[in-house]
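Listed below are the structures to be examined.
Paired with chain B in one complex and with chain C in the other, chain A is shared by the two complexes that follow.
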Partner chain A sequence: MRSPLSAPIARDAAIALVIVAVLLAMPLVAPKGLVFVVGTLALHIVFGLSWNLMFGQTGLVSFGHASFFAIGGYFYALVARSFPDLHPLLGFAGAGAFGVVLAIVIGLIALRRSLGVYFAILTLALSQIVYLFLSSFTPLGREDGFTGIRRPVLDMGLFEIDLARGDNYYLFIVLFSTLLCAVVWWVRHSQTGRALRAIQQDPERAAFLGINVAGNRLLAFAIASGVTAVAGALYGPWLQLLTPDVAHWTLSARPILYSLLGGVSSFWGPVVGAAGFAILEYGTRTLHGFSEIIIGSILLAVVLLFPGGILGGLDALRRRSAAPARTAKETVR
Partner chain B sequence: MSGAGTPTVPLLEARRVVKDYPSVKVLKDVDLSVAEGDTLAVIGPNGAGKTTLFKVLSGEVFADSGSVLFRGADVTRMPEWKRVRAGFGRSFQVARVFKDLSAAANVLVAVEAAFRNMPPGPRKLLACDPARAALERVDEALDEVGLSARSRVEAKLLSHGDKKRLELAMSLVLRPTILLLDEPTAGMSPADRKSSVDLIAAVKTRHGMTVVLTEHDMGVVFDLASHVAVLHHGEMIATGSPAEVRENPLVRKIYLGSGAGHA
Partner chain C sequence: MTFDINRRELVKALGAFGGAAAIGSLAAPSRAQGGSIRLGLIAPLSGSQEIVGRYQLAGATIAVNQINQAGGILGRQVELVTRDDKANPAAGVAASKDLAGSGVNLMFGILSSGVALAVAPTLADDKSVLVVSAAAANELTHEQYTRNVFRSADHAYARQRALAKLVLTDFPDTLNWTAINPQTAIGASNWDSFVDGIAQYSQEAGKPAEITEALWSKFGATDYKNEISQLMRSKSEGLYCGVYGGDAVTMFGQAAAYGLTKKFKVIVDPGSEFIIANAMGKNTPPGLWSGFHWYHGAYEGHKINDDLYNAYVKETNDPHPAGYVGETHTSVLAYASAIQKAGSTETDAVIAALEDLEFDSCKGMRKIRKEDHQAICDLNFVQFGPDEGSDKGWKVTGHRIIKDEGVSEAPTPGVPIVFKNKKA
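On to the complex of A and B.
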């Protein structure tokens, strides 16, 4: 039984399939530099989507999302160096689990009484602590960074895949990122996702439906942090180096910009935003000094002209052209 | 009703409830008792403390002292979402709905919240699509409050009266034992008011609920209430049947006589 309340799984799966097919074909046609940009973009899409699970879906503003990206990255690098025989997939999963546990501990303190701007400032403070810790803790390389992070060999039982060879690690990143995006999509469209959306809309009302608001906020924070930690873990071997900059607040600003650029109220918003951002960066990479000005101006223009981001703007245009035939729009995304 | 207990224990009871806000003492030793099946109207002039009493009863704020008992058990410091799971339902003075969601999606959130404690049959934790049983319950609830035709409309686009109906539908799917309605007809036209009163009376009978409401309109009060409690400057000055309260000289003097409404 299809209902207007059903999740748009067929549509979204089709879109995802096309995107993944294009990304997987990239190494065949694109120069190495561009393939690197796209591989990084895949991880940043996960980064943006997981942030927006907190913001667009639940109404939590985190200014410190990069700290979980960094924590996952360093966790995996340290585990891979300390236990070279451990299966790399366990290392990636471990990074996610570590991110979840840490988020729960932090969330139990930070989410307890503080919301809105207080939560934002607390997470910003957290990211500064992580940044300073990574910059000064010798076993993690201090400011020189954690060097020599190897792309692992995946032991699949019957056969092995050497991720260090050719474009294997790129393909691995694309597929793993797709899986992480699917996790976020599923949470968003599940019963839990609907409860989170209710909390975003009106926490008091949600509580008076018997929804545990604090518990669900913590859950969203934990899932988003865990997913981002896995993306961070994948990022280390991609660069083969991690510096404390991955915990810097400027990186925490990225998922916010992606979401605002693409649109916070749609699942695809941060995907569009991250891609748009990457295109702008790649297109202006030779314009030293002007790059930031151009990107900044375009961001400002989009946010001012389309408060709902690119997708929100397109949606508004479509609605205007379809009016008055469809004035009432179904909004279960 | 399940777990009826001894019939002498009131369903909901407030004992010597005190609630202060920084500048004013809003509730002063308020006692209130609601028996199962009653419809109790809390009346009083603006600023009498009706809404604060409502917040204390529903768990939105906690009493500074005194206690709130539900089926004889102390719930004074129980958070609102746990009270809802124990059998409370509530509406707000200004209807609160999830404005960017469709009417049906609003009710679905409530249905899924209500299904939380049920066995895995009607709920679907791992699947994305809402369970069929949940969707049927949504349709049923929208139909009950007369909103079927507007199920796909974003809640923020609904009229004031329809928002109130939607809120009622969201409360009803929780199958509450006790329903708290804060000014259910505030800001409505006389026609809307009449249909709201009929609707509340109908759902109360159908679901066998106990209802506590605050109301300004005396017509609504005497149409619906089996009991009336009068709050004045944070004190409970009279309780009883509508007829008793109407004849109470003190009430006549400070409230009914002031031209705030007609009996």
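On to the complex of A and C.
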């Protein structure tokens, strides 16, 4: 019997390799504006994938996922400013760990008592609390933001890499994001991932089969939050500024849109959704005032025409085109 | 001359600027073309701040048209390339990098200080220059100073100290001041600057002023009743209303019922321009002094001012151009002078030319300091009052030009401003 992992590993690794190669080559061929958009896209892909680990895989709907993006970003910025000699990788890891711990504390309270729309509203409330805190806490810059976040120097023991030089930080973001995506992929395809899928499909039956439903939901929430916090930490030095907007509900809507646009049932759905969204935004950037109308109309059309997102729609089209051929074959037989 | 305009006509007219700019941007190729000089405007051209961005676009468009009609710069036509920052830092950085990647190294505009502070550190790598046309944060020319950023407009410190000078000249006996400010860095910075000016100028006059602790409200608050009640109990005679824009409209709207505007002898506003009067109509606080980037009525007879005003009115039929129109117009003129002086559009040459540049603008001569890249220019203020006889319900009852003679701080790039008389 073939291992359930072997096919997705080979196929997904090949797809990932092509995407990463294209992203790494971007600074050589693309203008700076596009490189900045793509660097941001890499972080948003992580953001979307981590959200979909909760929704598509586990059935948890969060309306406040941006709060962890902001928490990770501000945590790293504060640590980097307070301890300038600390290795930046420890700072990024610390941001992720902080996100995980916070998610566990919140999840222990929120996930025990509420699911579905109640959990969604609780996470929305959390994000608003984070937003208001960041807006009014003076050491974090309040409404005007946390300024002067530097791109660090990576001490690799034998040599140093100055991430502030040229496109180094862009390349660092692409590689780090790839690692984070690989973590999400691994969770999704591991035994834990299958337990999460079982919970998403029927929590009662999953519990009957001996799966720790509450524990696994908490685990999914913690992993998604930790991964998002690292993405937020990477975003600070990318923009060199963080404002409370990164905790705003409008940013929390992004991973939801990415997943709905690309398709929630596939690992690649949020990747396709985030890329599609970025292409639409970049393509309409000079149509001042019309950009949002065009993007909104296209999103509406995709969601109405392809309820399973772009990948779901393509899959349905592929199956439909395969069906008549099969029928014809069966008739001949 | 009378003007009859409603909101729809104004939006339609200003929308024409937007449409023209959008089409212009689409038509523009991605690389520099046939000798034209390309200037990149970064402004909020959509979203909640578009109401200001449209003025910035109008001023820039008029300046470019005027320069081209006069034969261009160095014999080359000027092309305006626009990018929308949505008043969002990330979108602002994307916009500046997009311009740099398209070969547009000379940029201007930017309304929000947050956007300016995000864009500033990226410019050196991209070999670009930014002339800030509105964002007033002191940090831009102090702790966040970078060689690639200039500000052709006035900044928070100068304007608020000039406002202090104005009120102490006009109301020398109003010596007890309080404030309501938003909980933002610019709100704190504005108030600190105003207090700095009040303390200095009142001591110089031999009548030291007294500052009562300010009230701090949430930025974007919708309910100011608590703060208004506290202000109604205040013993101060002067009120510095630091909440600005839409917040000021909300605050004054709620304050009218309490009679707040009648309680204080003097009310001043750091820079809402026409926003409060337009929103309050007949309820406009009588005698309200408001800070302006540029007030056209103060420079009648000055050719650049008159030409800009007439072009604006001709295009929009709006007789009240916001100061932002003048400031983006000025930034284009600064580039025109600098390019002319440098004989080049190369980044380093333009930076060198902008340093110590003296040039004429809609509000007279300005000089950009070499040390911190801050323009030294006139500070404009307008006084409003209700007008029962007019449709709009308000009128301008006075205006003032304060010359920047010792109003601005000494240049200290890289070092924060030191407020000598800071009040929490």
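Just so it is clear, the second predicted complex is superposed on the first by the 317 of 333 C-alpha atoms of A that agree within 3 Å, B and C clash if a C-alpha of one lies under 4 Å from a C-alpha of the other, contacts with A are read in each partner's own complex, and residues count from 1 in each chain.
Just so we're on the same page, a contact is a pair of C-beta atoms (placed from the backbone, for glycine too) under 8 Å apart; a residue touches a chain by one contact, two chains touch by 3 or more.
Since the structure is predicted, the reported quantities are computational estimates derived from the model, not experimental observations.
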> Is A:Asp245 in contact with chain B, with chain C, with both, or with neither (first, second, both, neither)?
Replying inline: second
>> According to the stated criteria, A:Asp144 is in contact with first (chain B), second (chain C), both, or neither; which is it?
In response: second
> Which of the two partners, first being chain B and second being chain C, lies in contact with A:Arg285: first, second, both, or neither?
Replying inline: second
> If you stack the two complexes on chain A, which partner ends up touching A:Tyr118: first (chain B), second (chain C), both, or neither?
Replying inline: neither
> Touching A:Ser265, do we find chain B (first), chain C (second), both, or neither?
Replying inline: first
>> Taking the superposition on A as described, I'd like to know which of chain B and chain C A:Val35 touches: first, second, both or neither.
In response: second
> When the two structures are overlaid on chain A, which partner does A:Ser136 contact: first (chain B), second (chain C), both, or neither?
Replying inline: second
> Shared contact residues on chain A for chain B and chain C?
Replying inline: none
>> Looking at the complex, which residues from chain B come into contact with chain A?
In response: 58, 60, 79-82, 84-85, 89-90, 92, 96-102, 104-105, 108-110, 112-114, 116, 123-130, 132, 135, 138, 150-154, 157, 170, 174
>> Considering only the defined contacts, which chain A positions touch chain C in the complex?
In response: 30-37, 40, 135-136, 141-145, 147-148, 166, 239-241, 243, 245, 285-292
> Mind pulling up the chain C residues that touch chain A in the complex?
Replying inline: 18, 21-22, 25-26, 30, 45-46, 50, 82-84, 88-90, 93-95, 97-102, 113-114, 117-118, 121-122, 125-126, 137, 139, 143-144, 182-186, 218-219
> Across the complex, what residues on chain A touch chain B?
Replying inline: 1, 3-7, 9, 186, 189-192, 194-195, 197-198, 201-202, 204-213, 265, 328-332
